[in-house]
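Okay, got some structures for you below.
Two complexes come next, and they have one chain in common, chain A, joined by chain B in the first and chain C in the second.
Right, the complex of A and B next:
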């Protein structure tokens, strides 16, 4: 019984990270209808930036978040302005955008190899191994902080999209870009901004990831898969739909240890992806991601 | 009067194609090629077959797969297992691998309902899952220490012609598919699934068909490659890099064109041999830049470039300098 409780708790803690990973992918897809295949690469890049700032300059990973946020926002803006903007819109742009962003991902991986070598890295801080006791089970401080930050990020994103003029513009563009040009919304500016925000979220998710798990230039594909599962399950309707979906994915992954041999748990993300795509392609809440 | 469809192969093209194949077939004997060049050409033929087969799915149907290494590795390991455990003649082993991969590809049927990015991301998952499963399935693949196949000098020498036959057959099949009514149906599915369904083209059936064919041919090339290397390990055969190489050869050559991937494979093998031997740490980035460059500037790759140049030459007399179409 205790073990199940422990597992449920760690699923909740993991869900925060998964939700943070998924927001960026979902936002970009919802507004631009482009699946950012470089998403995993940006997460990996954020993890390395956080690691570099901590290891070389001694900045606490959680305090480095604003720096990572700005840096990956700029990466996103450059990616949109330099590359994605030049693609044809509509169905013919589909495979092209996938291949293009896949190319970006390969370049990001190679840069990480050249700069940081292929070794596995982790961010280890003074409090990495400390834990607190909650309901008679030990919970790592790091995981709690990550969950807390994830909640902050979710609430901020929600307020940004619902309460600000820019957020309303973003949602309007997601609904109908053509009509937006009629009411004076600079659609291209919104696209740029969205790509930047999506990328910034991925970068922050990378830092959070780096404080919990080890990573290497090859990281990113399982993060991309999980983000995608969460987005499909949660739909693009709301920030909280994504959070619920992240909780489901994290729970499935944690509890998979009970039924699957240990080495197969890495494949759980994939199995979930197939199950979700085949059984509930419309997501949990009926807000279809793809028409 | 009934309308007759144009012949699948024009006379001139058939003669040219057969001539190229004949020249390549006698080349090792006529020029007394060194073992290095001989092997390099064998590798090229295997690459051509894989790239063309990927293009059936990625180019003709427009379903970009980032997981074809699963098929390639499956073909290699089934063939290897058949050789080691049952001592069957190699061609039968290769075919066995192709059949197994084809049947498993049919098992991927639920995935084929997915389109566009859904399909592509699912294939990343399939590729990664296959790599994990086969690396840990030690009884079958030998785990991370891999399988050593019986080394046979004669077979390695003959592999040149086996690979040439495979590449030639796949190239002919590519043109045939492209120019037949099947090719038109695939084009319709690629352009608009719903509209294709409205005129009675079952996207599911044709996608299944092409996926099985594409998977089987890639598995066949994997089997030949296993005999070519005579040592195979799952991390390499099922690796992500392997999946990327199919995408890359097809995209560089011209995704969706009948024979573009042949050009792509030639470039790929040359780049791999000369450039990457000296800078192995740059290959991912170089591939990435190539992908970005092709998609942004010439979506049909080398084929597109070639067509543009040909158009330029044709217009050149008198109108040089204003070849803007």
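Right, the complex of A and C next:
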């Protein structure tokens, strides 16, 4: 019974991590219909920025989140204005955006190699090895913080999209960009803003990951894949769908060890992805409109 | 038309025959230098370690240059290293090896680093019948393909498991560890991990009644969550926690191990444990008493004359830095090739290959000698040295006793805290 409780707790904590990684990817796809393959690169960049601020300037990784958020937002805006905006819209732009953003990812990776070398880095703070006891299980403080932030981000995004004028404009553009132009919404501005927010969320995910794992310029690919699974499962464009999908994937992976060898547990998420794509292509909670 | 071609064909055949009959010694006598080709991962994911191997190669070539060249059949010939960056990429490593052999016309090859790259690249050497000496490929799978031109200076990971178990067995016999001891065996799902598992499980099978493997699980590289796996270990109530992991997984796995407040009488992550970066990432208080097995340690300088000479030369060349096993293995692979060339007295590839196959030379590796046994596919079988992290940040060699710098501690004192 203790073990099952341990596993349930682990699943919730892992879900926090997956959700944090996936929000940015889901938001950008939900509004722009662009699969941001540079997402992994921005996560890796956020990890390095957090590491740099901590290692060189002594800033606590959690206190560095606002700086990483702004920096990643700017990167996203530049990426959109400089590259993505120039792509054709509609189905013909799909493959082009995939190739372009994959190229951006490779560029980001190689810049990291040049600047930081291929060495593995970690962020270690005074509380890196601290844990608290919850229901006779020991839980890492960092993991709890990541879970907390995953909830905060989901609620904030929800409020932004539901309660603000900008959020309503984002949702409107996600529904029908052409109609928005007719009613005076600056669609290009909304796209830029969305790409910026999505990238900012990826950057924050990067700094949070860096508090838990070592990373190198090669990091980001497994994060991108996992984010993709979560976003497709949750329904492209649904914030809470992403959070719930993260919980489903994490629970399936953690409990799979009861029936599968450990090395196969990471494949469980991908099996779920295939099943959802076949049986429910819109995702478990899929809506075309962000909610 | 056919008749017109005949004289040309005949001339070509004669030229080929004359070239083919040319004595090998004369070929060497005509040569002004020896060309040795190599690739290393100088950029990409393995760049850091590739750079270390480069330092080892360069030191070995510098020493030959200082001696006025390599003695080949009584003539001193300068040795030139043609080193390319394979970018940590298998395809690039293969293409560059082909270019080195067929365009640059190198005489011999020194290997790259990492099992995946060595495995792919050595096939090119084999196809072209070029002796290929490497210090960067440890997985025994590389040497089980029946290749005749590959020689590995890195002992198989299987022996790492065996060496660790040898020390553990001593502790068990001394009463410091329970009998039977329950083992949790976690290994990365790679050739490296499979070799480690084989070393541990073969030892446990041979010592039936002494050891019981109750958790035997592999994991994928670059894992993010080991909590379920650690939960299984916790539930099994094991005595020995033996894992094999690369550095990123070691850091992630051990962080979660510490978070879960686990502690076992013996803790090891295979070759990982004593790295400065890992200690910084995990904190010395969390990695104290972790065991690691490595192919070579600078501490061997106190017991092996060649290791001492190497450490001194390395420090003199690289601003007082202490070498790690990567540089030592690069250096030793180059030295083995040089020795075989001198013994062959020729640059003939077949002659050098034959000398490598029977080579037995004094070495800086544990055991003090180096040879490439044919029954092991040309892979050396030197024992590992076992180190144990101490709370003061040092990691002395504790096994084998002949080179030990301290007495190993078991059971893990951290568990009593």
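Just so it is clear, the second predicted complex is superposed on the first by the 257 of 291 C-alpha atoms of A that agree within 3 Å, B and C clash if a C-alpha of one lies under 4 Å from a C-alpha of the other, contacts with A are read in each partner's own complex, and residues count from 1 in each chain.
Note that in this section contacts are C-beta pairs under 8 Å (C-beta built on N, C-alpha and C of every residue); 3 or more make two chains touch, one makes a residue touch a chain.
Owing to the predicted nature of the structure, the values given are computational and were not obtained by experimental measurement.
Visitor: Touching A:106 in the superposition: chain B (first), chain C (second), both, neither?
Guide: Touch partner of A:106: chain B, not chain C.
Visitor: Once the structures are superposed on A, label A:273 by its partner contacts, choosing first (chain B), second (chain C), both or neither.
Guide: First partner only.
Visitor: In the superposed arrangement, does A:263 touch chain B (first), chain C (second), both or neither?
Guide: After superposing on A, A:263 lies in contact with both chain B and chain C.
Visitor: Considering only the touch criterion stated at the top, classify A:253 as touching first (chain B), second (chain C), both, or neither.
Guide: The second partner, chain C, only.
Visitor: On the A-aligned overlay, A:83 touches which partner chain: chain B = first, chain C = second, or both, or neither?
Guide: first
Visitor: Quick check for you: in the superposed arrangement, does A:222 touch first (chain B), second (chain C), both or neither?
Guide: A:222: touches chain B and chain C.
Visitor: After the superposition on A, what does A:94 contact: first (chain B), second (chain C), both or neither?
Guide: A:94 contacts chain B only, not chain C.
Visitor: For chain A, which residues lie in the overlap of the chain B contacts and the chain C contacts?
Guide: On chain A, the residues that contact chain B in one structure and chain C in the other are 113, 218, 222, 263, 266.
Visitor: Provide the residue numbers of chain C that touch chain A in the complex, in ascending order.
Guide: Result: residues 43-48, 88, 186, 189, 217-220, 222-225, 227-229, 231-232, 234-235, 247-248, 251-252, 255-256, 258-261, 277, 280-283, 285-286 of chain C touch chain A.
Visitor: If you look only at chain A, which of its residues touch chain B in the complex?
Guide: Those residues of chain A that touch chain B are 35, 37, 83, 86-87, 91, 94-96, 98-100, 102-111, 113-114, 218, 221-222, 224-225, 228, 232, 263-264, 266-267, 269-271, 273-274, 277-278, 281, 290.
Visitor: Enumerate the contact residues on chain A facing chain C in the complex.
Guide: So the residues of chain A touching chain C come out as 3, 6-7, 10, 13-14, 17, 113, 117-120, 122, 124, 128-129, 131, 137-140, 143, 212-219, 222, 226, 250, 253-257, 261-263, 265-266.
Visitor: Give the list of chain B residues in touch with chain A in this complex.
Guide: So the residues of chain B in touch with chain A come to 58, 62, 64, 66, 110-111, 113-114, 116-118, 120-122, 124-126, 128-129, 132-133, 136, 191-192, 240, 244, 247, 251, 255, 281-292, 295-296, 299.
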